[in-house]
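Naming follows writing order (A, B, C, D and E), and every chain is counted from residue 1.
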C-alpha cells in the first residue's frame, strides 16, 4: 500500500459520510430514548442545527493556548482514528490512510484525542474539569484492559496485526466472525466498549448532574463545535474497529451503517439496565468481570 | 556467682587441655637436637662454662636484648605514669617514723657489700649460676634498702638513666662489633674465647653480662625509686 | 618428679587464672597473675628436665666432653630466665597502672572501670 | 630418683598450692601478697630440685623479692581501699 | 646493602641514647627520634627496592655467629620488607603527627615509640618462636606506655585491660612454645616446619593450638577483642593508627602466617573461620556505633579478620597469595591510619561531628580515598586482591566463604558510606555550633596527604603487577581524575572541557563500537554531553561535581568496551561510585544516596560472584565465554548476574533506592542518573542474555521469571508514579516502569523484544532527561517539587511546558511520537512469544502511564496559577537548551527510527531465530504488521494543522480571560489554592487499586535493616567494658575453638 494523492478526496468522502451518519444516528438514539421514556424528544435534524450554529459562533474569550489545542487534539484524534482504519473492506477507495499503520496504531491513537481533550480542559483552570479527567483516566485504565487483551487474543488468533487481514479472515460466512470463533474475546471487548463510550452505567465521568458537562465545562461556540463533530466521529471510528475485529467488518456502506448502529444500541441498552457506578466501583467491576474474560481469551487462543 | 561458675567451667576446659599436655608428655631421655648442640659446642665455640649463660648472652642474645629492653621500657613507662599524677610536684609532707639509728648505720654498712655481691654475681655469670639479671636484682636490693631506711632519700634520676643508657648502648655496640669482627650480631667472639672456666674467658660474655647487670640494676632501681616517690592518693 | 612439678605448675596456672578472673580487686588480680606466672615458669623448667642429670654448667664434675650425656636441656632454663624478667616487667606495669587507676576513681574495683564499652 | 626426693617435692608442691590458695582467698591483700611471694620462693627451691640454679636465683631475687616489695609500695599508696 | 639488623639496632640504640639527654631537651630528642625512624625507613625501603626491583632472594640474618636453629635468625624477604616499610613509615608519620603529645611526655615516650616500632619489625623478621614472644611482650608493654599519649583519661583503663589480656596471652604462648619445643626439639619456625608432620600430633598439636591462639588473639579476632576496641577508641588517634595498621594489620597477622608454616594446611580452616566470623561480626557491630574511633576500631577488626581469611585460604591461592594478602593488608593499613589521623583533627567524637570536614575538599578527597580502599573499590589494591581471592575461592568451590565476605563487605561499605553522608550532609549539633571542632595543623595535614598519595601510588603499583592491564591507564579514568586536580577552576571552564572531552572521546573511539555498543556509546557520551549543557547554569566552582560525574562517565564508557569480566566489573564499580557521589550532592539526598549505594554495591557483589563463578579461574575471562559456562553452574551464574544487573535497573523489589535518589539529586544530575545511568544495567543484562541465553534452574526458565519481574516493575512502577505528589519522584517511579518495559523486552528473548528494549533505551534517555530537566527547572523557579503547590505555569514557562508536553506524549506511546514505536514493536514481539500471562500486566500498565503523565502536566502547568508564582520567569537558558535539543531529537527519532535501529537489528539477527524488521522504504514491516512513521506524522500533522489554523482564524479576536473567570457552582473562586484540583489527584483510583500500594518492599527492607541494627546493638553489649569479662571472653574463645577443632 502506498500513498496516492487521490486518497485525500477519498478520505474526505469517508469523513463526510461518517459525520452525517453519526449525526443522524445520535439523534435517532436520543429519539428512541425519549420515546421509551414517553417524551417527545428532539427532532432528527436537531444535531445539524446545533453543529452549524456553533460553527457559526465566534468566541471572544480564550483560556490560553492549550484551550485552543484541546478541541484540536480531540478532533484530530477522532478523524485520525477513523482514517487510519479501512472503513469498507475490499474497497481501495475507503481504506483511507490505513497504509500508515496497523491495528496497534489505531489502538494507541485512541488516546491522542483523550489526552488532548484532557489538556485543553485542564487549562481552563476549572476544578470540575480536572475532576472529570481524574475520573475518566482512572476508569479508562481498567476499561481499556479487556479490549487490549481481546485485541491481543484475536491478533494471536489470526496471526496478524493488520486490520485488513483480520477482516479478510472473517469473510465467507457469518460463522467466521470473531464473534463466533472467539466469543470470549468479543465478550471482553464489548464489556470494555461499555466503559469507553461513557454511557451509563459508566458515565460518572461526565456526571451530568454534578458537573454540567464534565471536562468540557468551559467550552463553547466554535470550540464546542469541534467537540461536537468529534462526538459523532470518534465513537463511530471506534465502533469501526470493533466491527472490523469482531463482527466481520463491512463490505459495503449499508452493512457498515447497520453494524455500527447495532453495536451502539448494545451500549444503550446496557445503560438502561444498570444504575450508575462510582469510579472505583466501575474499576472493580471491570477488574472482576471483564478482565478475567480477557485473560481467558488470551490464554485459550 | 554465676560468673564464678562460668569461669570454673572454662578453666575446666583449659584444665583438659593442660591434662592432655601432661599426659602426652614423655620426658626425654636424651638431649634433643638443640640441647645436644649446646652441650657439645658451647665450651669450644664460646668458651662459657655456664651453658645457660652462653645461651642467654650469645645464642639467644637477641632475646636478652629484648629482655633488657622490656625492663627499660617498664622503667620508662612507670616513670611516665607516675610523674604525671596529681600528687607529683607537691613536696613530700609525709610524716615518717624515723628509722632507728642501728638500722641506718647497718644499712650504710651493708649497701656496699650488697653492691659488691651483685657485681660478683654478674661478673661470674659465665662460670657459675647467676648473671646479669640476678646481679642486677641484687644491686637493686641495695637501693631498696636505702629507700626503706630513709624514704626521703632522693636518688638522681639522671644518674640512673645515664647508667642505664650507657650500658645499653655499649651492649648494642658490642653486638654490632660482632657483625664486623665475628660471625654476626651479638657474637661474643670479638674477644678471645680464652680458657674454659677462667674469669677472663668466653669472649665478650662477661662484659655483656656485666653491662646487663648494670642496666638491669639501674632499671630496677629506677622502678623502685619511682614507686617510692609516689604520693598517697 | 617432673610430673609432680609440671602438675603443680598447671594447678598454679589454673588457680592463678581463677583468682584473676573472679576477684574484683585489681591488686588481687595482679597477685593472682603472678601466681599463674610462677606456675608457667615451673612448667617450663620441668619440661627441660631429664631424669638423673645435672645443671648445665661445666666444671670439674661435668667436663665439656661428657656434657651431652650429663646435663639437662639448658634451653628451657634460658627461656624461663627471660620469662621471669618479662613477667616482672608486666607486673610492675600493672601495678603502676593500678596506682593510677586508683588515683582516678578512688577504687580498685575492676568493674568500675568500664566506661569504654560496646 | 629417690623416694625421698619425690616425697620432698610432693611436700613442696602441696605447700605451694596451699600458699597459692591463700594468695587467692586471703582476706587481707597484704597476706595474699606475702603468700604469692611464698609461692615464688618455694618455686625457686623447686627449680633447684629441677637442676636449674640460674632460674632458682632469678626467681628468688625477682619473683619473690622485688615483686613483693613493689606490691607493698603500691598497697601502701592505696590505703583507702577496703582490703576485701 | 645495610644489614637489616640495623633497623633493630638503630631503634633500640636511639631509644637508649635518648636516656642520655636531659629531660628538658625535648625538641632535640624529638629530632633524634625522627632521624632514627627515617634511617630505619631508609634501610627498609632500600631492601624493599632490592627485592622488588632486583628480584633478589630472601636473606637470612644470623646472630651470634651460629647457624639456626641454634641461634636466633632473622629473615628478610620481600614480604618482610614490605611490612617493615609499612610499619616504619607508619610509625614515622604517626610520630610526626603526635608531635605535641610526644613533646609533652618527653624523651621517655619517644623511646617507647621507637621500641614499639623496633619490636614490630622484630616480630616481622624473626624466625624464632621465643624471640617472637619477646617482641610481642615488648609491643604489649610499649602499647601500655604509648596509651599515655592520649588525652582521654579512659585510655588508662583500656591500657590496663590490655595488660590483663596480655598476661593470659603470654601464659598460653609460653606453654605452647615450650611443649612445641619439647616435641620438635627446636624453637626455630623453619626447623619446626621441617620436622615430620607426625610429630605435631596429639600433645604437640595442642601445644601448637595454644600458641596459635595466643598469636591470633594479638590479631584481635571477634569476640576476644573488647580490649582492642577500647584501645582504639581511647588512645591517641595516631597511636590507634599505628596499632591498627602496623601492629594488628601487619605484625600480628604476619606472625599468624609464620606460625601456620609449622603445621601446613591443618589449621587453615580454623583460621579462616575465625577470620570470617571476625570480619562479618565486626562489620555488623560497627553499624551500631556512633563514636568515630570505635567505628574505626571495629572496621579494623573486620579488616584483620579478612586478612586472616586470606591467610587461611593460602593453600589455594598459590602464587597470588602475597598479592592478595598484601593488597588487602596495605589498603587496610593506609586507610585505617589515614582515617585515624583525620579523626585526630576533630575534637568531637561523634560520627556526625565529622561534618566539620565539609568545606575542606582535600580532606574529603582523602576520606573518600580511604573508604574506597577499605571497601575494596577500584583502583585500589584491595580491589585487585578481592577479585583474585574470589577467583581462587570460586575455583575451589568455597562459595560460602565468598558469600560471607561479600556480606561483610556490604555491611562495611554501608557504615563507611553512611559516615561519608554525615560528612557532607549533617548539620553540626546545636551545642557544638560555636566550638571549633576542626583544627588543622600543617604537619598533621601533611601526614594525612602522604597517606593519600601512598594509597594512590599503591593503586598504581598493584595495577602494574596485576595480570590485567592497569586500571589507572584507562583514558576515561585519568580524565576523571584530572578533575580532582582541576577542581579549583570555575565551573564553566570545567564544563566546557567536559563536553569537549566527551565528544572527542566519542569521535576517537567511534570505530571501535559494534552497532549495539554504538547506541550505548551515543547515549552515554554524546547524551551525557548534552546534559552537561544544562550544567552551565551553575555558578561558582561546583567543587566535587566534575570529578564525580566524570568518574561515572568514565565507568560508563569503560563498561561499553570492556571485553573481559575484570574490566567490566571495574567499570561497573567506577560508575557506581561516581554516581553515588553525584547523587549525594542533592540537598536532602543523604539517606537516599546511601540506600542507592548499598543496593548498588550489593548488586555489584552479586555480579562479582557471578563472574568469578563463571570464570573458574580463567583470569582474562572474556565476556563471550559466558556462553561456555558448563551446565550445573550456568543457571546460578545467570541468576547472580541477572539479579546484580537488575539492581541497577531498579526492578520491583530492588527498587526502593531509586525514587529518593533520582528525586533528590540536583537538577542536572537527575537526568544523568535516570536517563543515562539506568542504561548501564540494561547493557549488562543484554551482555548476559546475549551470551547465556535461556537458562533453566530446577526446571524453571529464568528468562521467564525475568519476564514477570519486568512486567511487575512496569505495572507497579507506573502505578506508584500515579500516586506521587512530588514531581521528580513521579518521574523516578516512571523510570522504574520504563525499565520494566525494557527488561520485559529483553526477557522475551526474541529479536523484536530486543528491538523494543533498544527503543526504550533510546526513548527513555531522551524523554526522561528532558522531563527531569524541565521539571527540575520548574522546581528551581518555584522552590518546591510538590506538584499541588504549582499550577498554571504554562503562561510563564511555555518552553518548559512544550518539553513536558512532547515528553509525555512520547512516554505514553501515543502516535505520532517515538514512544509509539516502542509499543508497536512490543506488540509484534509478543506475538511470537509463547508466554502470555505477564503481558497482561504490561497491557494494564500502559493506560496507567496516562494517569501520572497527565497529572504531571496538569498539576504543574495547567490549572490555577498560584499568587506567589505570578512573577516567575522561564527556566534558565542552559536548562532549556538541552530540552529543546531533546524535542528535536525526539521528532527526528520519531520520524526515522531506522537511523538508529537498522544496524542494531541486523547486528542482532544472528543471535535469534525469529526475524527482525524490514526497514525497506518508509514503512517498517514485521511478520505481523506494518508501521510507517512518516505517514503517521504527516497525516496527523495535516489534520491537526488544518483544524488549529481554522480555530485560530475563527477566534482571532478572542481575549484571554482572567484567571477566575469560570463557572464554579454559581460562585467565583478567588483562591487558586482551593481551586487547583491537584492533591491526591487520583483519589478514586487509590480507593480501587490502593491495596497494591502497600509498601511491602520498603517494609521488607526496613525490617532487614532494623534487624541488622538491633542485632548489632544487642551483640555489642557483649563488650561490657569490664577488663575481667574481656579476659573471660578470651578464655572462652580459646576453649570454644578448642572444642570445635578437637571434637569435630
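Assume a residue touches a chain if its C-beta (ideal position, glycine included) is under 8 Å from a C-beta of that chain, and two chains touch if they have at least 3 such contacts.
Since this is a predicted model, take the numbers as computed values, not measurements.
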### Message
Taking contact as defined at the start, I'd like the list of chains shared as neighbours by chain C and chain E.
### Response
B
### Query
Given the contact rule stated at the top, which pair of chains has the most C-beta pairs in contact?
A-E
### Summary
Taking the mean of all protein C-alpha atoms as the centre, the chain whose own C-alpha mean lies closest is E
## Note on the structure
Chain-centre distance (mean CA atoms) for chain B and chain E, in whole Å, is 54
### Geometric centre distance via CA averages, chain C-chain A, whole Å
99
### Query
Counting in whole Å, what is the centre-to-centre distance of chain B and chain C, each centre being its mean C-alpha position?
15
### Query
If you average the Cα atoms of chain B and of chain D to get two centres, how far apart are those centres in Å?
19
### Task
Give the residues of chain E that touch two or more other chains, as numbers and ranges in rising order.
130, 134, 137, 141, 144, 175, 179, 181-182, 187, 1032, 1035
### Task
Would you give the residues of chain D that are in contact with at least 2 other chains, written as numbers and ranges?
53-54, 58, 62, 66, 70, 73-74, 77-78, 80
### Message
Among all residues of chain B, which ones touch two or more of the remaining chains?
### Response
3, 7, 11, 14, 18, 21, 25, 28, 32, 34-35, 38, 50, 52, 59-60, 63, 66-67, 70, 73-74, 77, 81, 129, 133, 223, 227, 230, 233
### Query
What are all the touching pairs of chains?
A-E, B-C, B-D, B-E, C-D, C-E
### Message
Under the definition above, what is the set of chain E residues touching chain C in their complex?
### Response
130, 134, 137, 140-141, 144, 153-154, 156-160, 163-164, 166-168, 170-171, 174-175, 177-179, 181-182, 187, 226, 229-230, 233-234, 288, 294, 1020-1021, 1023-1028, 1031-1032, 1035
#### Entry: Contact footprint of chain E on chain A as seen in their complex
3, 58-66, 68-69, 71-73, 75-76, 79-80, 83-84, 97, 99-105, 108-109, 111-112, 114-115, 118-119, 122-128, 130-131, 133-135, 137-138, 140-142, 144-145, 148-149, 152, 155-156, 159-162, 212, 217-218, 221-223, 226, 278-280, 283-284, 287, 291, 294-295, 298-299
### Task
Using the touch rule from the top, collect the residues of chain D that touch chain B in their complex.
53-54, 56-58, 61-62, 65-66, 69-70, 73-74, 76-80
### Query
Can you list the chain E residues touching chain A in their complex?
792, 794-795, 798, 805, 808-809, 812-815, 820, 823-824, 827-828, 830-831, 836-837, 839-840, 843-844, 846-848, 850-851, 854, 857-858, 862-864, 923, 926, 928-932, 935-936, 939-940, 943-944, 947-948, 951-952, 954-955, 957-961, 963-968, 973, 979-982, 985-989, 991-993
### Message
Which stretch or stretches of chain B touch chain C in the complex?
### Response
3-4, 7-8, 11, 14-15, 18-19, 21-22, 25, 27-32, 34-36, 38-40, 42-44, 49-52, 55-56, 59-60, 63-64, 66-67, 70-71, 73-74, 77-78, 81-82, 85-87, 127-129, 133, 196-197, 216, 223, 226-227, 230, 233
